[in-house]
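Next up: the structures, one after another.
What follows is chain A paired twice: with chain B in the first complex and chain C in the second.
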Partner chain A sequence: MEKLKAAFADRRERSGFLLAAPAFLFLVALFIVPSFLLFIASFWQFDNATIVPTFTLSNYLEALSRRAVLYSTLTALKIGFWSGLISTVLSFPVAWYIAFKTRSNVLLYLVLLSWFSSYLVRIFAWRTILGTQGIINSALMSAGLIDKPLEFLIFSPLAVIVTLVHIFVPFTLLLLLSALRNVTPDHLDACRDLGGTRFDILRKVVFPIAYKGIIGSFLFTFILSAGDFITPQLLGGRSGMTVGFMISNEFRVSGNWPAGAAMAILLLIVFLAASALTTRLFRLLRLAPGVRYHPLQNPASASRR
Partner chain B sequence: MLRIYVWGYLAFLAFPILIITLFAFHASPALTFPFEGVSLRWFADLWADPNFVSAFKNSVIVATVASILTSILGTMVALALIRLSPKPRAALSFISFAPIALPGLFIGASLLVLFDRLGIYRSLVTVILAHTLFCLPFFVEAVRSRVAYFDLDLELAARDLGATRWQAFRLVTLPLLLPTIIGGAILSFALSFDEIIITVFVVGEQSTLPFYILSLLRRTVTPLINAASVLAIIFTLLVLMLAGTVLWWQARREKSARIGEGVVG
Partner chain C sequence: MKHTWTCEEIKATAIGKPTRRGLLKGGAAAMTGGFVAPFFSGPAQAESLGKMNLLAWEGFAFQEPLKDYLAAKGITLNISTIATQDDVQARLGGSTPTVIDVSSYNQGYSELYGRILNIMQPLDEARVPNYNEADIFPEFFHKPAWYWEGKLYGVVMGWGINTIVYDPAKVPEPKSYTDLLKAEYTGKIAFVDDPLANWPIFARLSGLGAKYPNVSKDELAKVFEAMAPYRDQSKTFAASIGDVTNLFGSGEIAVMFCGWSGLPTETIKQKVETRYVIPAEGGAVWSDAFFIPKTATNLDAAYAYIDGIISPEAQAKHAANTLSGTINKKAVALMDDATRNLFDYNNLADLFAKSPLPNIPPIKSDEFATFDDWTKAYADFKAGF
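Coming up: the complex of A and B.
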């Protein structure tokens, strides 16, 4: 009998591998191999408008020494940070409301519906609203509050951040909601019964349970916003130029892939560092479960208390 | 208090889209208030533009093929995930999720290099391949939680009763998972129909609808963009509603079939 069961498990496993094979090959061919190729291309040379597959570090040295690269990276990180933070903070109360205060799913469906209105449409919508002859400026001018249009509304990092927040808010809501679903009303009641304030509930119960979703929603938005190159191109103006836009230009306009590839790899390293830093910061602020919550598994920290 | 905030949040989400829709029907090219009357002239202009019509057609083709490919590959991945032991399962779910953890910029650029090195011309085919790569993680994530509830012993029972592997899949597994798969396919269609970030790297001479809108956006501010946007939104909504109707109709038919069998038995 045991033998038969093992035979079944074995066959099940084998059919699992067979089922996974086509998608696995597809992902290897169109994701793993190209990613390596991009890495390798970052060491190639661009000479007289042709690409020479050799090995050189000059693309990296060049990228690291250019001021424009540094500034546009900082702009990208700034845009990513604020977009991630604002969309997470904006969605948190709504996720809370859906998780604990209502039983209907109508709200969720309404938010999802807005997700299906295209990315470019939103960019154009914000251009219509924030533009120099846009809705806000023309309303303010006809009300006599300002004499000439507020220039900073459009073609600035501000316009990019507003638009990206609008684009990513549905995503953050979904991620936060699935994280908050792990917190049961019993958890909240227990904290209240033990005399916890609202702040305690948030800091000592909700964050340690839902921290993965909270960090995830911030990092997801941060990385996708900082890596975006179409919104900055259309709404960022001079001051809102991001490194993503420079990278896409190297690939699509100047044809200098090695330079673009090197910048892309550097940006990837920055993203990885930023992700590690965020997780670290949550631990330091004691908002994520660290050693403190598991004293038994870590006798050193238990004895310290 | 929280309730008011939630309404504000919804208003923030809806406001820009309402503005776009409103000005798509504006009689004058101005994109500001006061509103000067309603007209359909921008839609007529769009329809007269062969570039728009072909871009729209291309987008429908790309989204259809990409969502079918995604559904086949994604369903197989989901079915594999419930069969595999923990280690290969973790590896498979990692690799099938990884493409959306990276910004589209990286995917697009690396595909551009790949296609060029292989000497593949950029066309709708490359767009379809790229979109399938982009949609697959979403499909797997959307479908896997449902597939996790699927009882593999049902397939075993069918096999025990003499069904071949293919029969067990077609008569037992597929009907049970079909609503989930259709849901994932519609999601993929909508994602592909809207994709632009990866598309700009792999698109050839034949444009897609978002690429057409992007080229308009770069040139001028024209209500044509509003009209194109509104058409894109309406089309996506129609597809979603169609899917909803199909699922509802199927559920009803199944229910009546079951009741019918009950009477006979």
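Coming up: the complex of A and C.
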């Protein structure tokens, strides 16, 4: 409390609090509180089409015992992982080019151009491109490369991943670009002067400085793709059932909010675990700095040095 | 006593032999009209009932059949489309229901909407004069799915058959559901993600049709086990009827497993001619009724709209547009032969005796699989289990 008072006494701190307050209150009111209510509801019971406020773990136990829930969660995680990985990997060279090789933003605007079409329009556009009688199949057949349409192009996890990558690349590009702006030419020159190879520059300079943007762009795409159920439903075919769809089913079809809430909380835990795992992996691979690069935040380690 | 001139009286006066009294009345009316009319602009004389929020199935909002009627009443429809019946309870149930003036429900949902979720309000029959015993087929007048505890809750706007729709240019006509298991249909079938259309047929194909919707939990497992080969034959689960239409249009599918028999009217708009066929196992009869939710705010427009959609003219046009059945006896005479011959209106009692309108599984039961059990089993089935 004293610290808070002291912080408010400082004019800069006070204005910082005030500037952050609207967004903070917005998040508290429309995310934290509803999430908490969802958490509470996950222990309630659904009986005779009505929700009974009680305490039961049955919603969690049932969700964990249903093979379809586990399988659709795995499907969602696979879709999320590949969408996140491909979006980030594809965006990185573009972000690098925009950050270090060109002064023009034309390429950035070209990529961002796809934002001008709606999410659903893009899904249906990909249906047209990947369809049995779509652009790709028609072109390949016209060229005589195939004699019948490639069925796997549409209504498959591949179609879902391709579409989600297209949807999320502008986001990952912006995140990566923002992160790479922290890497100055001086950093790169210093590494080169010390005999670093291109790989060393990437591994020892760029990644540790821009790791938050890299992890952020991967996780951003991963979480949104894994939680999505519209694209898998419209493009995933029989194998496109994701856990997001099952959660939606509980809320929308059954009206079984407690079961839907329990599944949503379980998915949230999986996402938190995936986030922690990704960050940990970056640290293990020494691609993220960790505390040793921030001696001021850790006086003990600073004094040891 | 005040007398208002009707069109017929004016016509009779004009055509018939003029009398002195008639001429005086006519002259007075014309003089009055001539003086008063300029003070009223045209549109102001029509009713203006304003915007009405309608939550309805695609193709079932009656815009075209009611075009002139809605204009005369000054009703502007603000339409939200239902993809599946569940969209209705999703919008109207829960703690934050949305403002909807009119929505529709399948007959199987009467108990859920009317008694459990309690989202419907009773209708004042005096405000729906077209709904009367003389004009409405007895199968749709004051029957339990729409009328209970002495009050009317729903007015059926259309009914029909859910069945197989196929593209004759791509596949042969399936005579039975079992035909769909043949190699020529592999990867060409789409299920519509509509439990109401699918569940009765699923039960029938597993040999439990007579018991549906009251099957035990063990029997429920058998139902979906029997459906596994059909799932393996399919290409996708379409999100809605609109989605199925697009899939036919883009040539992705050649068969809709079970759904609205009026689909050919939609696919033809995408230049794909499809046909519906009732296979050996039969189709599943459905009906949809409009109701006024408790969240309605524009009751005048809601009543006027519901009364309008069951007028003989609107019913006849709607039946032709959607290949569905009418509830209004007078509408039958206004139909073209093709629409009239879709159903045997002289013997509807027999039709509904053979194919009764199915209910949904019980909401709560210790003996039978509940609606929630079916929903979960259906979700598992879609996921491949």
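Quick notes
The rule we apply is simple: the second predicted complex is superposed on the first by the 261 of 305 C-alpha atoms of A that agree within 3 Å, B and C clash if a C-alpha of one lies under 4 Å from a C-alpha of the other, contacts with A are read in each partner's own complex, and residues count from 1 in each chain.
Going forward, contacts are C-beta pairs under 8 Å (C-beta built on N, C-alpha and C of every residue); 3 or more make two chains touch, one makes a residue touch a chain.
Worth saying up front: this structure is predicted, and the values here are computed from it rather than measured.
With the C-alpha superposition on chain A as described, chain C and chain B clash in the combined arrangement. In the superposition on chain A, contact of A:Ser254 is made with chain C only, not with chain B.
Of the two partner chains, both chain B and chain C are touched by A:Thr128. Of the two partner chains placed by superposition, only chain C is touched by A:Arg66; chain B is not. Applying the stated contact rule after C-alpha superposition, one finds that A:Thr172 touches neither chain B nor chain C. By the document's definition of touching, neither partner reaches A:Ser156: not chain B, not chain C. By the document's definition of touching, of the two partners only chain C reaches A:Asn48; chain B does not.
Counting the residues of chain A touched by each of chain B and chain C gives the higher count for B. In the superposition on chain A, A:Gly237 makes contact with chain C only, while chain B stays out of contact range. In the superposed model, A:Ala23 makes contact with chain B only, not with chain C. Within chain A, the residues touched by chain B in the first complex and by chain C in the second are 124, 127-128, 131, 133-134, 234, 251-252, 257. For chain A in complex with chain B, the residues that touch the partner chain are 8, 12-13, 15-20, 22-24, 26-27, 30-35, 37-38, 41, 90-91, 93-94, 96-97, 101, 107, 110-111, 113-114, 116-129, 131, 133-135, 138-139, 166, 169-170, 220, 223-224, 226-230, 234, 244, 247-248, 251-252, 257, 260-261, 264, 268. Put simply, chain C touches chain A in their complex at residues 84, 86-87, 89-90, 93-94, 112, 116-117, 187, 193, 195, 231, 234-237, 239, 243, 246, 250-252, 363-364, 371-372, 375-376, 379-380, 382-385. Chain B contributes residues 2-3, 5-6, 9-10, 12-17, 19-20, 23, 31-33, 72-74, 76-77, 79-85, 88, 92, 95-96, 98-99, 101-114, 117, 129-130, 132-133, 136, 152, 156, 190, 194, 196-197, 200-201, 210, 213-214, 217-218, 221, 225-226, 229, 232-233, 236-237, 240 to its touches with chain A in the complex.
By the touch criterion given at the top, residues 46-50, 66-68, 71-72, 124, 127-128, 131-134, 151, 154-155, 233-234, 236-241, 245-246, 249, 251-257 of chain A touch chain C in their complex.
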